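What follows is chain A paired twice: with chain B in the first complex and chain C in the second.
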Partner chain A sequence: MNKQLLTEKQIIVLIILFLFGSSVVIGIDINSEIGQDAWISLILSFVFNIPLVLIFGYIINKFPQKNIYQIIDILFGKLTAKILISLFLIHILYLGSIVLRNFSEYVEITTLSETPLLPIMMSLILISVYLSKSKIKTLGIFGNIVLAILLVTISITLILSFSIFKFDNIKPILNHSINSIFKSSFKVFMLPFSELIVMLGIADLFDFKNPSKTYLKGIIFTGIILDLILIRNITVIGIPLLKDSFFASYQATRILQLGEFLTRVEGLITINFVLAGIVKITIFIISLSKGVAYLTKNKDYTKTIFPVSLLMLGICPFLFDNVVDLFDFAPIFGIYAIPIQVILPIIIFLFCILKKEKKLIYLD
Partner chain B sequence: MRKKTLLIITFIICFLSTGCWNYIGLNEMTVVAGVAIDKVNNEYLLSYEIYDLQSTPQGYPIVSQIVQSKGKTIFDAVRNAKKRVSNKMYFSDARIIIVSNQIAKEDGINSIINWFTRDPEVRETLQIVISKENSALELLKVNGLTSTIVSNDIKTIVEKDEKVTSSTEAVPIYQIYNILSNKNMSLTLPLIHLVKNNDQYVCETNGIAVFKNDKLIGYLSSEESKYYLLAKNKLKGGIITINTKIKTADKNSFNISLEIKSNSSKIKYVSFDQKNLKIKLITNTEVTLGEYKDQNNKINDKDLTKLEKEASQYIKKQIEKVIKKIQYDFNTDILGLKEVLYKNNPKQYKKLNNKFDKLYKNIDVEVDSKVEIFNTGFTR
Partner chain C sequence: MLFLVVLVMFALIIIFDYNKIKIKQSKKQNIIYILLTLSSFLLLISYVFNFKIPIISHVLRKIINK
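Presenting the complex of A and B:
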């Protein structure tokens, strides 16, 4: 094998980190309406996510070591493929910029309030560019290390929060109408979870036998941990502050302390978010540059990495006026995302089934 | 050649464009220990107790100084302090905010809470106390008994109070925010006043300041606060002194003290018909006998059961008294009856939600107290 590929374990890790990266966002828009029932809707949105993930798994299984661009090309023919790929690329370019903006906004508000946004974005994206320019194995190993750090810090915060846990905050359970819970879980499903389609862009680097199972493992693991975090936030800081705060996890950990000895644990959370964010942005950049390289018939995708990330950086400042705008827009964006993030994989899936007999699949 | 120039350029860029915009050295900041907020002529007067690092000799405890500033809003006043101090105020280590009772009565404390929760520098575990004196500044001016920084003193007094004396309840600022945003709950804050101690004035907790919405409407004394906390299941320690008649031949009564070891209280919704809402309050207190005066007659098992009965009746009476006071004098739901209803009986809550404020005064709270003496200390 001359190609470097990601192993099954590394892919699970990347899926987890990819979804984790957005926990900054879901910390808020999930809680805005349904308060203490947010953890139920989070579970629901994971359940929604399972069929979608199975579809991804099916597609990858049908086209081993092909990414979404090649798959679209094989299934739809040249012209349609080009249109579809361009739409897909525009979408994930936009999405990637939102993610980048989100992270730099987080750093700006919580820690570096006098630093302008641009240097923060630049330093974030430079690391991502470096990561994506190195071989893909680097990302896999980096992911392993980041996940280890993440799990350790999360367990520290969970243990510390036991002393100030107020389980009363979670009552009354299921007080909101089922309708609103579904609505909220749909929003969460749309924004961070169905973003997983971006991972299809680097699917040609995957090396494993049972993609559906891998995806499921990643999803379930993330689901459990995110739900634990959400319950921690609810029980520690209470509903009203949770609804109003932009970065609930950060605020929850600010309260934690171990006597007078161990305080200011929130630094750990910042490390979590930034590291997971770097992994997420890196996946966006690789996926994007592969798409652009495919459109421009360039064989080496590493050459398009830099232009693509510059483009991403350029879009960032013009996306939102301020942080309130950012968080208000997040749920609306979920609706815009439906065609690319849900309908496109379903169409690909249907085409796969329809064209089964013709054996188009094993063309190179 | 090309590589070398590139390398040099990268190094130059690294040195010029890195570094932290937010870098502040310890010598460049004025660390605030506590803030007292008063209002003078429609302007906020903020007094900060700052750690005075310059005039502290080596080997001595750090002394503090007071800096004052005025402004139309809190933040305005905070920034105006820069006119007097060479360095920027650093709030991340602030321990306490003292609010004068005039502001709490007239303006409400919403405007104060807002800046302190919004600013990322201020920590969520900050305590807010109400000054019972004429101004909040007076509390900062006195010397602490155990440390040279009076803000630290007040904070530890308030925080450790619930485990030892239970005369007041510490509420960190994030919980204040939650309570003020929650329509089902009402706020209470610790109350501090000055007392003379060895010819010198010192700070002392003096019960609880009771709020309706965000405005101060009254006080509970230290003794009343204890039974209020007992009812609210916030009590973790303290002494109950009761007047007992057992075992004395001349039937003179005397005082004994019971030390509270643990307590659990539950508020239960019972029934609602037409106009009467019935709520049951069950308290279960475990105590040890801490002080028993009668040397000649040693206490025996039977006396203990009698004492238990007397104590539980006493507690029941006191709680009923405090609840009446809260219902009639203050008419504010600091016990959180509505919140309890919402949490445990959401269906009933939906029915009663709109009527609750009208019903509140006439809610029938049935108190059921139980005291268990499980220990008499070293001696019989």
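Presenting the complex of A and C:
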């Protein structure tokens, strides 16, 4: 086992944190459209994600310890590869900026309401740059600690909310048309689940025997956690209140308390989101810097971390007018993301099969 | 605010990229990285001075609506 690579367990943890980090966004979107059936839509979006994840697994299996940039280069030739890699990089730069903006907005609205956005964004990017500059093992260990904190806080909020669960809030089940449920689950699939393609950018740092199985374990575990959180939110505060809140989990945990001894539990949710957000932004930065290093033929990707992080930070303030604009834009971004997040991996997958038929050897 | 931005950015460069000076990189690579860094500085400064740069989400929305 290579000590500089991420182990299977660490990869699963990073997948969970990567997906969990975006639940800040998805909570509102599915609740606003299909109400109490949101949990069904969430399950469906995970089912949609399974074929895509199997494709990712197949690609990684075919090219062990190679990232998406190297794979594209091997499969498509130099010129096409450069164009595709550039498009992919622009996409994840933009996506990374959106994620950074989401977390900054979250912190500003819930905790630091008097602080301007820029210092919050700077602080988040500063930690992520430090993590990216450290060895990848550091991120793996950090991920383990964050997941432990996350599971403990989720368990605490679930236990505390047992007494105020109103199961009538999730009834009537399947009250909305199948069409609208499918539509909503597709939106959730596009943002954030298909975002997992970003992790292919750091696939050369993975050390696993069965990539598909690892990815599946990651998304199933995330699915269970997110669905539990969603059901908790619906049963605790109900759909009308959820529709009016931008950050559903935060709103749901605000009313939790244990006598007069333990109050203000929502602080734990903020810790969760920020920690998971840092891991997610770090993965974006590493993936992006690896791409830029590959394009500029630099073997050491740590040299490009700083310029790309700064650019991510620079784009951030110009993405949206305000938080309302941010949530309005999320479903539209799903459409814009289809070519890179869904079509590109399918093309790579098809090329892998075609080249296999021609009996070409692409590994040294 | 601008002072804070510039100060933090320079601190970041010194903290994280001091080793860039030690290790030789090709001219082309250096130019690309400097351009990336400068463009982000310009973006941040324009944000601090409230210069109007078309908001990306609006532009994309227009493209998709067409």
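In this section, the second predicted complex is superposed on the first by the 353 of 364 C-alpha atoms of A that agree within 3 Å, B and C clash if a C-alpha of one lies under 4 Å from a C-alpha of the other, contacts with A are read in each partner's own complex, and residues count from 1 in each chain.
Going forward, a residue touches a chain if its C-beta (ideal position, glycine included) is under 8 Å from a C-beta of that chain, and two chains touch if they have at least 3 such contacts.
Nothing here was measured: the structure is a model prediction, and the numbers come from that model.
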Contacts of A:L313 with chain B and chain C, given as first, second, both or neither: second
First (chain B), second (chain C), both or neither touched by A:S134: neither
Which of chain B and chain C A:I335 touches, first, second, both or neither: second
Partner chain(s) touched by A:N61 [first = chain B, second = chain C, both, neither]: neither
Chain B versus chain C as contact partner of A:P116, first or second or both or neither: both
Touched partner set for A:N144, first chain B, second chain C, both or neither: neither
A:K171 touches, of chain B and chain C: first, second, both or neither? first
Touched partner set for A:L241, first chain B, second chain C, both or neither: first
Greater chain A contact set [chain C / chain B]: C
Chain B versus chain C as contact partner of A:T296, first or second or both or neither: second
Chain B/chain C common contact set on chain A: 116, 119
Residue ranges of chain B in contact with chain A within the complex: 17, 20-22, 117, 120, 123-125, 172, 174-175, 177-178, 180-182, 342-344, 346
Contact set on chain A toward chain B in their complex: 109-116, 119, 168, 171-172, 175, 237-241, 244, 251, 254-255, 257
Of all residues in chain A, those that touch chain C in their complex: 94, 116, 118-119, 122, 126, 129-130, 133, 292, 296-298, 300, 303-308, 310-311, 313-315, 317-321, 325-326, 329, 332-333, 335-336
Chain A partner contacts - residues on chain C that touch it in the complex: 1, 4-5, 8-9, 12-13, 16-17, 20, 23, 25, 28-29, 32-33, 36-37, 39-44, 47-48, 53-57, 60-61, 64
